[in-house]
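Presented sequentially are two complexes of chain A, the first with chain B as partner and the second with chain C.
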Partner chain A sequence: MMNYVEHFPALATMVLFLGAFLVTIFGGKNKTLRIFLAMAAATASFVMVLCVAKYVIIDGNIITYWLGNWTPVKDYAIGIGLEVDSLNAFFALLVTLTTYLSGWYSIKYMSRDEGGDYYYTLYLMLSGSVLGLVLTGDIFNMFVMIEIMTFACVALTAFRNWSKGALEAGFKYLVIGSLGSTCTLTGIALLYAQCHTLNMAQLSAMIAKVGITGNSTMILAFALLITGFGIKSYAVPFHFVAADAYMAAPASVSMLFSGMVNKAGVYGLIRVCYIILQTMGLGKVQTLLVAVGTVSMFVGVTMALNQHDFKRLLAFHSISQIGYVLTAIGLGTALGVAGGLYHAMNHTLFKGLLFLCAGAVYYATGRTNLNNMGGLAKKMPQTCIIFLIAAFSISGLPPFNGFVSKWMIYQAIYAKSAQSFGYLFVTVVALITSTLTLASFIKVTQSAFFGQSRPEFDDVKEVPGSMLLPMWVMAILCVFTGVAPKFVTEKLITPAVNAVMSVNKYIDTMMGAGYTEKITGSAATEISAEQITIGNWTPVMWLVLFGIVLVAFTVVAVFGKSSRGYTNNSKEQPDNKHATFFGGEMATRSTVVGSDLFWGFRHNFKGYFEKLEGIHSGVVNDYAVWAIGALAVFVMYLNAVL
Partner chain B sequence: MMIQNYVCSIILLALGMYMLMVKKNLIQIVCGLGLLDYGVNLFIVSVGYNEGGTAPLYVGSELEYLAKNGAVYFVDPVPQALTLTSIVIGACVTAMALSIVIRIGQTYGTLEADQIRRLRG
Partner chain C sequence: MFNPMWLFYILVFPGALFCFVAGTLLNGLDRKVYAKMQQRIGPPILQPFYDFMKLMGKETIIPYEANKTVFLGAPVVGFVALVTIMLLLPQFGFTAFGELNADMIVIIYLLTIPAASIIIGGAASGSPYAGVGISREMVSVISFELPLVMVLLAIGKKAGGDGVTFSMKAIADYQAANGAMICQWSMIPAALAMLLVVPCEVGCHPFDVAEAETEICEGPLVEYSGAPLGVFKLNYYVKQLVVSALFAALFLGGKGTGIVAADAAIFYGECLLVTFFSMTLIRATCARLKVEQVFKFYWTVVAGLALVSLVLAWFGL
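Moving on, here comes the complex of A and B:
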């Protein structure tokens, strides 16, 4: 007899799609009704996923659910199956939490926009597709969900089609997103050609039997799948469209993008690399993922330093944080996966919160340009406090959650450097990225919330309670996951890591006990990951690392001297506001705006920043060249090393 | 021979990618997306084809009879279902892309990708 909870994964997905249809049919005229329908669907799905999470993560069950009861015949999966282990449940929890809170926020935030029924339809379709993506056990079903997701994303990006660049961002997203979907579908077709099944568990067993090394069809499929999911997770060099989309979309949608859409890409990468193709044991694949992650980290954060639009800046930070996640899961160790999953969860919390803060500022002032803001802390004290919590979290300051996960990731990377010297470099990049993140958020805090207020802001008011409520919930969660890391790792992260690491259990649960042994010839062994603790570190190694960083710093300080001592020769007109600092003259209103901070730093690295700006050219063809070029590089690299 | 199908699908995919990378007109970029779709569709259908196979339409008794009197040989129906799904999705992508292109044309007054770059840097 099936437990009633086992029906919930399918129902939780369906209720969101049903909500989307009902909103379209009945919500056209009546505003209250459509909000009620949308929130009812989001709440129902959230509650169901909570039940599933308890049943799967806490009680340790794995749900298998064959749609239409098409169970496997003669060891061949013929129907679409859902399989929910702790990894799926973990991501489903993130997805529904984001959906639910974003829904609350949207009620007020979207109330000034036309076409609310379209908004809620697309919002529910996006949520439903991402939830379906993370719960399914069938790889083609996953592709269909990716397509629905891309669709809803494009439409929501272009939703405020009157705002600057929304249409353009939507089009670019559509082109690159479709390219990613095509890659994924081709990869799936190649897998089907080799294994004649679409069920992930069965695929995994079949591929383990065939073996991937030396089989160029499999390698091509792997490269295509990595590219496809890499595009969905917006890693560099697929990140161009993400920055545009986050910026152009309404804040509640940006929160959905950074909270769950790129998590769907991360989930897909974990599923493909760890479970389906089981390639994470190979050092060369680890190198590839870590390289992509490291570049994403660094490029994201340096681009963010250069931005003056609130949401575009946050978008580049989002790319940078996904770099952390990819680096951590690319390590292939239990501690690395734990750090990656923890950081993925934290990223959902703090980045969603930051986007909500940007939305609140936009709602109150109508501005997103940081150079036109200032002194909002007095007008919007609650938003300011929430923003500070989120900013401290993302910068990795100790009592908040960013510290915990970043600390785990540093440890994981550093532990890996015993194997290869290159990981030492990755550790240094991760530390520098964290510092630059802090620098960038000092800039945002200073230019938006502190400093002298502007006369235009005299009648700015705090945003309404229904917008503050989801923000406070996320802020409290940020603090909670920061102060109780042991509780969170024990209850949530460790089961998910165990699920990632025990492939055979995943296969056997879906296809029947003993299936793996029959196909691959090796007995199913349950691997349980080592107990992951936050204090997993060796002080001596860190002292060595500290020494290296110190030496690097000294070298830069001594040899970098020649570039100092020049004035800022930018083409900008001289401005009175600097006179207060340099000449001693009084200025009536001296607002230190966003681009005033760290200009020295940016001036010293002018060549680098100009080159990066040139790469982010805004031409959709260039973005396609980067994506296809990366695909070509992946194919060649993997063919060369596997 | 199936080799032509695979060669054709790869040519279609390559042409689609070429159009995405080189063509500046937005309509042509949408055509490139279409070509990518057709390439993948042709590829999936070819994967499921068995030389000399029949249509996979049998009722239970026929299947038993055929199984008794030799192997049942038919083309794989799953890729055909996948292709149908993919065709539908492709049509939707094209429709949506063209509708956005229309709005871009109205707003920007041009369809050249080089001039539609308000978001950059």
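Moving on, here comes the complex of A and C:
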């Protein structure tokens, strides 16, 4: 008797697609109806994935589900199978959570745009495709989902087609995205030609039998798949389109891009490297992934320091944070994978939150250029606090969540450095990247929220509650995952890491017990990841101390003399002692804008920055050349070393 | 689960009260010696304490442009972070929260928080002087971060033997077994680098580009007054203590005497020595650098020194 939960992976995906079609049919005229339909689909899918997550991650089951009940015949998988282990469930959770919160945010945020029915259709198509991608057990099905995802992304990028650069960004995304899909498809075709199956579990067993070393067809397929998923995860050198796309898309969609679309790329890389081709035991493959990750980290963050558009800056930080994830996953150790997955989750939370903040600022002021902002903290106090939480999280300040995952990643990299000096270098780069991240968010804080307020912002108001609610939810999750790292690791991360590390179990559950032994000749062994120590950071102690000092300080602040001057509403003249002076005259504006900060740093790296800006030429031909060049390098490197 | 000693650790020794007393005393001594080097009489040793008490009684003016919560909260967060570092540093055999086995990553990040609190507080005040100040503060954080990280990794490699370690306890144990880290010749460049990191971390002359009273009127602190300013001043004193203590814990460890009080006294003496060599001496002899010079100096000379040790440690020397 099948547990009813086992139907949910398929249903959760279908309900999103169904929602997309219903919105197209019925939602054209009636605004309330289409929002209701979209939110119903997103909620249903979120609830179902929650059930699946409990069934899979907490109770330790693995769901195998053959669509149309096409079970394997004579050990050959002919139908499409879904296999949901803890890794799939983990990513599915991220996808549906992002979808759900973004849906809430969209209601108000998108209310001023025309074409809401198109928006919700595409939004549900995108969510459904990414969810399908992370839940499927069939590699061709995965490709189909990638195609839907890419085209939904292109359309959503160009959604505000009246705004400058949106169509251009959509076109760039189309070119590079198609290139990625082509690579993936070619890789899959090569695998199919070799193994005559598309089921991932069966592929994995068969590839383990022949082995990848020295088999140049397999190596070519592997390189193509890495490139394909690398493009989807926007790692350097495939990152160029990401900046344009994130900037042009509405903030609720940018959140989807960084929260789940590039996670889909990361998921694909994990599946390909750890499960299907089982190459992560090979040191040379580790070197490749770590190199890509390290370059992504550094290039992403230094480009971010140079930006003056709020969302473009966040886009480059996405690249940098994905660099952390790829580096951690590329280490091939249990601690590394744990750090990588934890960071992937945190990135979904804090980066989604940052995009929502950027969206809130845009909604309130109509601007995203940091050089034209200032003093919003007084007008939008809640957004400001939320933004600070997210900014501290991404900079890895304790006790927020970025700190925990970065810490695990540093430990994992540093442990590797006992083997090779290169990893020591990677550790240093990772730590410096974190400081530079802080620097660039200080710039945003100073130029958008603090600093001198602008007269044209006098009428700016805080964004409505339905936008603040999802932001607060994510902010609370950021703090929670930072304060209770042990809980999160035990309940969520460790099962997923175990799933990544036990390939044979994955194969046997899908294809029937004993299948691995029959094909590869070695019995399935239950590998449990070594105890993942995350150090002994107990933020609770810190909070106790913080509470005590805060109480003491409040006493002083309340009973001590303090004066605030006039309030916003009062018409009285302010007392001069409460004014901020600059050069003799009160209310003289300073000309120090966001781009002028960190001059001391940029001055010393002038040559580097000039070169980097030259590479980001904005010409899509160059970007395609980079992608194809990287593919060529991967193929040559892997052929040379494997 | 809850240990009543924790409250003693957090509040009295080596927590808040100790940090307050020892920090103000350290700063008083520093100023006295500094004055003597310039052939002045100098302020009384308790002067920082008087300054702090005076500021606590003054009126707090919150500028019209400022964001109140952040403006008032920033100095407190910085203070808490500093005290937390003190709780995690091993003093010979004794660590307040030794069973937590804190590691260097925690310390690096906690050290960023006081700087971040100055930056956020300054930004919240809305003054353009503060705007310039915070950008300089951030650049100086980036400057010393690279050598600091390399020094810590070198020590971690050295103390880890065949492997590597991030654990402060492992570093303390290594020094208890093999003598102070500074006695290892391969670690001497790292110790020199760390001696130069200390003043920049604290933000004292000649690396006080962020506060530069003569150019930008104390930068981030320009709009602060009363109690929050007092707490920021206190943060400065405590930072002197904590960063010197970090140096002492990393390089001047050892077996100790086994008696906590005696160990603590010796440890405090070491902090005084470090303060004298890394802050007072340099402060009395050098003129302030420009911000881009600070950056260049740390990423070339100081990072170079640290790199020498890192390479030597990696080859097992």
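Operating definition for what follows: the second predicted complex is superposed on the first by the 588 of 642 C-alpha atoms of A that agree within 3 Å, B and C clash if a C-alpha of one lies under 4 Å from a C-alpha of the other, contacts with A are read in each partner's own complex, and residues count from 1 in each chain.
In this section, a residue touches a chain if its C-beta (ideal position, glycine included) is under 8 Å from a C-beta of that chain, and two chains touch if they have at least 3 such contacts.
Treat the numbers as computed from the prediction; the structure is a model and nothing was measured.
Once the two complexes are overlaid on the shared chain, A:Phe171 sits against chain B while remaining clear of chain C. By the touch criterion stated above, A:Asp85 is placed in contact with neither chain B nor chain C. When the shared chain is aligned, no partner comes close enough to touch A:Asp117: not chain B, not chain C.
Applying the stated contact rule after C-alpha superposition, one finds that A:Asp508 touches neither chain B nor chain C. Residue contacts after overlaying the shared chain place A:Asp138 against neither chain B nor chain C.
Once the two complexes are overlaid on the shared chain, A:Leu179 sits against chain B while remaining clear of chain C. Of the two partners chain B and chain C, more chain A residues are in touch with C.
Once the two complexes are laid over each other on the shared chain, residue contacts for A:Val619 go to chain B alone; chain C is not touched. On chain A, the patch touched by chain B and the patch touched by chain C do not overlap at any residue. Put simply, chain A touches chain B in their complex at residues 140, 144, 147, 151, 154-155, 158, 161, 164-165, 167-171, 174-175, 178-179, 181-182, 185-186, 189, 192-193, 196, 198, 243-244, 247-248, 306, 312, 613, 616-621, 624-625, 628.
Looking at the complex, you find that chain B touches chain A at residues 13, 16-17, 20-24, 26, 29, 33, 36-37, 40, 43-44, 47, 76, 78-79, 82, 85-86, 89, 92-93, 96-97, 100-101, 103-104, 107-108, 113-114, 116-121.
Residues of chain A that touch chain C in their complex: 375, 377-378, 381, 384-385, 388, 392, 395-398, 403, 406-407, 410-411, 414-415, 417-418, 421, 424, 427-428, 431-432, 435-436, 438-439, 442-443, 445-446, 449-453, 535-538, 541-542, 544-546, 548-550, 553, 556-557, 560-566, 574, 577-582, 590, 592, 596-601, 603-604.
Looking at the complex, you find that chain C touches chain A at residues 6, 10-11, 15-16, 56-65, 67-70, 72, 76-77, 79-80, 83-84, 87, 97, 99-103, 105-106, 108-110, 112-113, 116, 119-120, 123-129, 131-132, 134-136, 138-139, 141-142, 145-146, 149-150, 153, 156-157, 160, 162-164, 166, 209, 223, 226-227, 231, 290-292, 294-296, 299, 310, 314.
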